[in-house]
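Each remark here refers to the structure printed beneath this line.
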Amino acid sequence: MAEIVSLAEGVGRLVHDGDVVALEGFTHLIPHAAGQEIIRQRRRDLTLVRMTPDIVYDQLIGAGCARKLIFSWGGNPGVGSLHRFRDAVQNGWPVPLEIEEHSHAGMANRYVAGASGLPFAVLRGYSGTDLPKHTDTIKQITCPFTGEQLAAVPALNPDVSIIHAQRADRAGNVQIWGLVGVQKEAVLAAKRSLVTVEEVVDELEPVAGQTILPSWAVTCVAEVPHGAHPSYAQGYYDRDNAYYEHWDSIGRKRDSFEDWLRAKVFDMEVTEK
Amino acid sequence: MAEIVSLAEGVGRLVHDGDVVALEGFTHLIPHAAGQEIIRQRRRDLTLVRMTPDIVYDQLIGAGCARKLIFSWGGNPGVGSLHRFRDAVQNGWPVPLEIEEHSHAGMANRYVAGASGLPFAVLRGYSGTDLPKHTDTIKQITCPFTGEQLAAVPALNPDVSIIHAQRADRAGNVQIWGLVGVQKEAVLAAKRSLVTVEEVVDELEPVAGQTILPSWAVTCVAEVPHGAHPSYAQGYYDRDNAYYEHWDSIGRKRDSFEDWLRAKVFDMEVTEK
Amino acid sequence: MTATTEAQQAYTSDEMMSIAAARVLGNGQRCFVGIGLPSTAANLARRTHAPDLVLIYESGTLGSKPDRLPASIGDGILAETADAVISVPEVFNYWLQPGRIDVGFLGAAQLDKFGNINTTVIGDDYANPKVRLPGAGGAPEIAASCREVFVVVRQSKRSFVDKVDFVTSVGHGSGKGDRERLGLRGAGPTLVITDLGILRPDPETSELVLSQLHEGVEVEQVREATGWDLKVSPQLSRTEAPTEAELATLRALKEAGK
Amino acid sequence: MTATTEAQQAYTSDEMMSIAAARVLGNGQRCFVGIGLPSTAANLARRTHAPDLVLIYESGTLGSKPDRLPASIGDGILAETADAVISVPEVFNYWLQPGRIDVGFLGAAQLDKFGNINTTVIGDDYANPKVRLPGAGGAPEIAASCREVFVVVRQSKRSFVDKVDFVTSVGHGSGKGDRERLGLRGAGPTLVITDLGILRPDPETSELVLSQLHEGVEVEQVREATGWDLKVSPQLSRTEAPTEAELATLRALKEAGK
């Protein structure tokens, strides 16, 4: 059964140096607060997994937490590039970043395989693209009935997956609605999981389109209001589109990024105590 | 976009002699009325597909509509045997019935593969059982990454899938809630589909746990109140458990079954005109 | 079918079986429940010593909390009282297959000395069976993937056979080590609860041996209801008779389910 | 970037591009929409001649009906106005992969004469790229599986190249017949809509040729903005200038999206 913990405790207990860590949330419900807590706790050598490494991973990469990124689309959506990501890939700053690159369909299916306890997934994908030349986790497989050639990708089974959700009850059952992305699969694929939520409530009123992760499928739940900002939590707050634009000016230069890191991440540690 | 039709028209247009036909609904929302309409229209040589061929297929098999059954559990749930199914398998009455037998996990994954446009699905299943000795649609496949052996089953892509749902709007968008079974997959796997609904409404009010099949993913929708009886439609009526018991006395003997067929299926044809 | 003890007890052997089956479920366990005897036992456990037992039905419910016995595996009450309702493919792929379920609770038409289960055909010829049974349903993968499997079944020479006519769901195959060879990840049947007692696989051979006798049942009676030369555990124990509370709860559940 | 015609028109070439892209979408079509230029065009189409256009976003929305331009592919308004919200795996597996989508509407950082798209790296060396772009996203499978693909992209010598540095999404490969050889089931890019005109694959060679010029644009201008020796269709036609209604709707959409 999921334990209800503070964010600091959840990250402290579940995320270790060298872990394979997935933070998921497809535009909606991106676990930004948890990402910054990982920075604050100075985790290193992480293999970060995420379909869309947007601002949340630009921050982790810029802070030097990651040695590898497994992903399918790395950009600041609607704005442009992730400058910290580019700086790590192109210049190895602050540390070199190895990349393993897939398509969305491939990544989604890798999580599905992981959640399903299968070693691989099959899809119609990658054929004719240059991705298989550079990504050795894309292979071919033959249908045993038709002889057709399809793509195979290995399961993703992160050491820990972290997602943000609207709410949980006191038993640790987690409720999500709106765009649900690949979060259920990410949690079910992982060995351990942390779910940050907008609020912990007595009872989860049913909501149309909800997904429920039962308490026993989650390791820890932490109440973190506004934990998705600048992403959004449907029913709680809107996406802060201006912040995405603003991030471009922070992330563009190393020094402006380091100023932000000091002011908005590490100094927050002191405040919290 | 789905066309709204009468049940007779829907079956008449979509179900042809010799077709592969799936009627799905896992205990909940079994399309009984549609099954009886197929009998009434005297379809022959059908390959019937269904995870749980319960009363609805006992009726179709007893009426001589089927030449083959693809299934994973054939019984009268909570009551006992399907006597018409047994009579067809053991005595070839009224016509011989070929069977292709799987497990639930295998059947569910065959629909998933069909809905996904893949030729096959992979699962951990069948290992050590006697099913692969008798079912040639179970093969082994090797994971190209780990070398592990797993089971492979071919996609199911019925010529037509028929399901029952709570309601549709006038554009033909279909809404289902409660136990959703494998109906979405059955419809998406099929070349054509017929959805019978309790009612056609102006607007589909959102319901917690709902599944929506957009109009353009469905061929025809027919309004058939009580179309799942003796199964149930959550929010409309309960399961008629007594009828399941009662069916045992009807289906047990060929003559009682034929009386039922005349009185409750073929004579209804006259009534409807 | 009343169990006969010296003083005639006010419960049936079926009631003893359901109660014995309920007792083996631990509070908080995740239990994949087949309909019939397993469902009765699991619901009884939830109403007695295991209120936090998580009931999972293959119709797509996680954490159902019915206040009466469900009439079928897809009874509406299972969906209405569940923590989450999911599709059938998801039940099998996301919840059962990865080994998230502690106990698979199965019935059987025929069971052999290695706990293999037949629910497909009686007779040697699959194409022309003596009796055509319902078939596999979810059982093969429940038996493969749950951490352990409990079987609850009435014991008779006809149902407890040396070798099943058809292996629908693998128990311990042809003996110790077979599950590993077949790549089955759960422990397989660790308990077989009958109306006469409880059988457990021998740790050396995986053959089912009699390890517990219900009140008022003698070893010879069980051997006579077994189609192989049943061995008896040196640690043979006695099932405690049903308590009044257990009986009352079981009967209320069954009454409410009518 | 105002398009210059004899009488200076009151619209930009970007507006012309969006309007030309909107016009090619048929009412009732199912359109898989990328963010940016494709989303602008698709939403414009839905607000003008194609009210029943079905918008599908990879974030998991089927039939979104936003009343302003979404700021991102996962803008809340897409979920709130959708016929159905589904998971990301389901988008790709149940809806895109089986070929249920009529039109995949993509952008491109770099495009070559066979309509292959690069959104991964600029430069020859993947490990040490000149520019690291965002990567594939949903595009490879959109380009593979939609019945046809429309690309909307600003035209320049830098972006329209003889051969892309990296094939992220396959257009017509290295020419006619390549898609079939690769097992790609959709028709691939049938239209490339730019700020200067529209290119279509030659039926014989699948090479993109100029088939339509926007108002006020000359052939030579397009050839200068193309990195290969651009051929011109014998049936070269002229795009009609934006109507007032189109311009007003486009501007209102963009204004509301701010």
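A, B, C and D label the chains in the order they appear, each numbered from 1.
One rule holds for everything that comes next: a contact is a pair of C-beta atoms (placed from the backbone, for glycine too) under 8 Å apart; a residue touches a chain by one contact, two chains touch by 3 or more.
Chain identities (UniProt): A, B = CoA transferase subunit A.
Nothing here was measured: the structure is a model prediction, and the numbers come from that model.
Chain centres here are means of the Cα atoms, and by that rule the chain farthest away from subunit C is D. Across the two interfaces under comparison, B-D and B-C, the one joined by more C-beta contacts turns out to be B-C.
Each chain gets one centre point, the mean of its Cα atoms, and the points for subunit A and subunit C are 41 Å apart. Averaging C-alpha coordinates per chain places the centre of subunit C 58 Å away from that of subunit D. Annotation: 29 Å between the Cα-based centres of subunit B and subunit C.
Within subunit D, contacts with two or more other chains are made by residues 93, 97, 145. In subunit A, the residues that touch at least two other chains are 117-118, 123-124, 148, 184-185, 209. Interface note: chains touch in the pairs A-B, A-C, A-D, B-C, B-D. Every residue of subunit A that touches subunit C in the complex is listed here, in rising order: 1, 115-118, 173, 184-185, 188, 211-214, 216-217.
Subunit D meets subunit B in the complex at residues 28, 30, 54, 62-63, 83-84, 93-94, 97-100, 145. Touching subunit C in their complex are the following residues of subunit B: 26-28, 51-52, 71-75, 77-78, 81-82, 85-86, 89-90, 101-105, 108-109, 111-112, 123-131, 133-134, 148-149, 178-182, 184-185, 209, 232, 234, 238-239, 241, 244.
Residues of subunit B touching subunit A in their complex: 117-124, 137, 139-141, 143-146, 148, 150, 152, 154, 206-210. The touching residues of subunit D, counted against subunit A in their complex, run 35-36, 58-61, 71-76, 78-80, 85-89, 91-93, 96-97, 120, 126, 128-129, 132-141, 144-145, 166-170, 173, 178-179, 182-185.
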